[in-house]
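Right after this note come the structures.
There are two complexes below, and they share chain A, which is joined by chain B in the first and by chain C in the second.
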Partner chain A sequence: MSMLHIVNKSPFERVAFDSCLAHASAGDAILMIEDAVVGAVDGSSFAGKVKAAMADKSVYVLGADLAARGLEGKAMEGVTIVDYAGFVDLTANNDSTQSWL
Partner chain B sequence: MKYTILVNEGPYQHQSADTALQFTRAALEKGHEIFRVFFYHDGVNNGTRLTVPPADDRLIQKAWTELAEKHGLDLVICIAAAQRRGIMDADEAKRQGLDANNIAPGFRISGLGQLVEGGIQSDRLVVFGD
Partner chain C sequence: MSTKNFLFVNRKAPYGTIYALESLEVVLISAAFEQNVSLAFIDDGVYQITKGQNSKGIGMKNFSPTYRALGDYDITKLYVSSESLAERGLTVDDLMELTYEDADDDYAEKPSIILANREEMAAMMAEQEVILSF
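Up next is the complex of A and B:
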């Protein structure tokens, strides 16, 4: 049973992303949308936590929200960029979803 | 796959109102069924027909109405959240002795049981909010 974790808060603003990483299980998927997309950028003080999560979880970012913040092309290696159709696929391909509001 | 969408945030307040709309559009384009969209908390503000955004801005409420007309969506507004925020249909306005209503076409006002039913009847419940 895999879960899709949807995060929409910057890790530098709220603790929701940290909570998500603390609760997500191996084999789960994590999708960054809205302000959470800054978590996909390499070189930040949070990047190491996302990289550690990639060891046993798949990590995605919504490309439109990355582009809207001028961060296109800045997602770290290993993070898969998806569009809204890909977002829908992630909700369908995992057994349940959890929005970390 | 059958979806229920929960929208907890109003338009022009937080991006989640836009994300919910884009996600619903994408799910329909992929052939999924949207069993219900439930608007809760400030999300009820997506269901007024009396907003007039600037000409170059997106029309979020109208987009929901158009999507509902095109795909026969069931757009449900939580009654308690709506009453607090002045979202009224004709029946509710009459019952409360008010002089006007403002619900947008395609929306209906009902109770929280509709959200529970959506969660039970659907394969996925996806939540959008702040």
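Up next is the complex of A and C:
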């Protein structure tokens, strides 16, 4: 049973992203959208936590939200950039979803 | 009308919430009142002025080019937190080149962005008379 965790808050402003990482299980998928995409940028003080999560979870980021914030091309290695169709696929390919608002 | 030192503090990323756009709107309005206006970009506010923003994919208007117009409204002091940039894996090279033409110096083009650490930011804040937070 795998779950898709959707995060939309900046990890530098709210604890939602931290909570998500703390509650996600091995084999789950994590998708960053809206303000959460800043968590995908390499070299930040939060990047280490995302890298640690990638050990046993798959991590995705919505490309359109990265581009809007001028962060396209700054995502860390190992994070998969998806489009809206990819977002739909993630919801379909996991057994359930949880939004960390 | 008397002139006061106005500071707009921007601490939110753009697009996810309306704060950044609303702040910019009020900043532009304040320019009409010929006040001494400064802007501070702290915490997630630094994302407001990253270069290369392309919001086509999210169906929202890219308002970042408007920051380039601030110089024409005599808003020439944009303080950016150096710690906030570093914490986010960003450098000043990731920001737009925001400039103004200095009327007192034969309209020479000068940078509007002032990189400031917390101590310098605090000193600048202490000089303000009206502070509006977004």
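Following the convention adopted for this analysis, the second predicted complex is superposed on the first by the 101 of 101 C-alpha atoms of A that agree within 3 Å, B and C clash if a C-alpha of one lies under 4 Å from a C-alpha of the other, contacts with A are read in each partner's own complex, and residues count from 1 in each chain.
We take it that a contact is a pair of C-beta atoms (placed from the backbone, for glycine too) under 8 Å apart; a residue touches a chain by one contact, two chains touch by 3 or more.
The structure presented is a predicted model; accordingly, all values stated were derived computationally and were not measured.
With chain A as the common reference, chain B sits beside chain C without any clash.
By the touch criterion defined above, A:47 reaches chain C but does not reach chain B. Of the two partner chains placed by superposition, only chain C is touched by A:67; chain B is not.
Once the two complexes are laid over each other on the shared chain, residue contacts for A:8 go to chain B and to chain C alike. Contacts of A:87 after superposition on the shared chain: chain B is touched, whereas chain C is not. With both structures placed on the common chain, the touch criterion links A:38 to chain C but leaves chain B unconnected. Within the superposed three-chain model, A:101 lies in touch with chain B and out of touch with chain C [touch as defined at top]. An angle of 80 degrees, to the nearest 10, separates chain B from chain C at the C-alpha centre of chain A in the overlay.
Considering which of chain B and chain C touches more of chain A, the answer is C.
Superposition on chain A places chain B within reach of chain C only down to 5 Å, the least C-alpha distance between them.
In the superposition on chain A, chain A positions 8, 34-35, 64-65, 83 are in contact with chain B in one complex as well as with chain C in the other. Interface of chain A with chain C (complex): residues 8-10, 12-13, 34-35, 38, 41-45, 47, 63-65, 67-72, 74, 83. Within the complex formed with chain A, the chain B residues making contact are 1, 3, 8, 15-16, 19, 22-23, 25-27, 29-30, 32, 124-130. In the complex of the two chains, the chain A residues touching chain B come out as 6, 8, 33-35, 64-65, 83-85, 87-89, 91-92, 96-97, 99, 101.
Against chain A, the residues of chain C that register as touching in their complex are 12-17, 43-44, 47, 50-58, 60, 62, 64, 87-90, 94.
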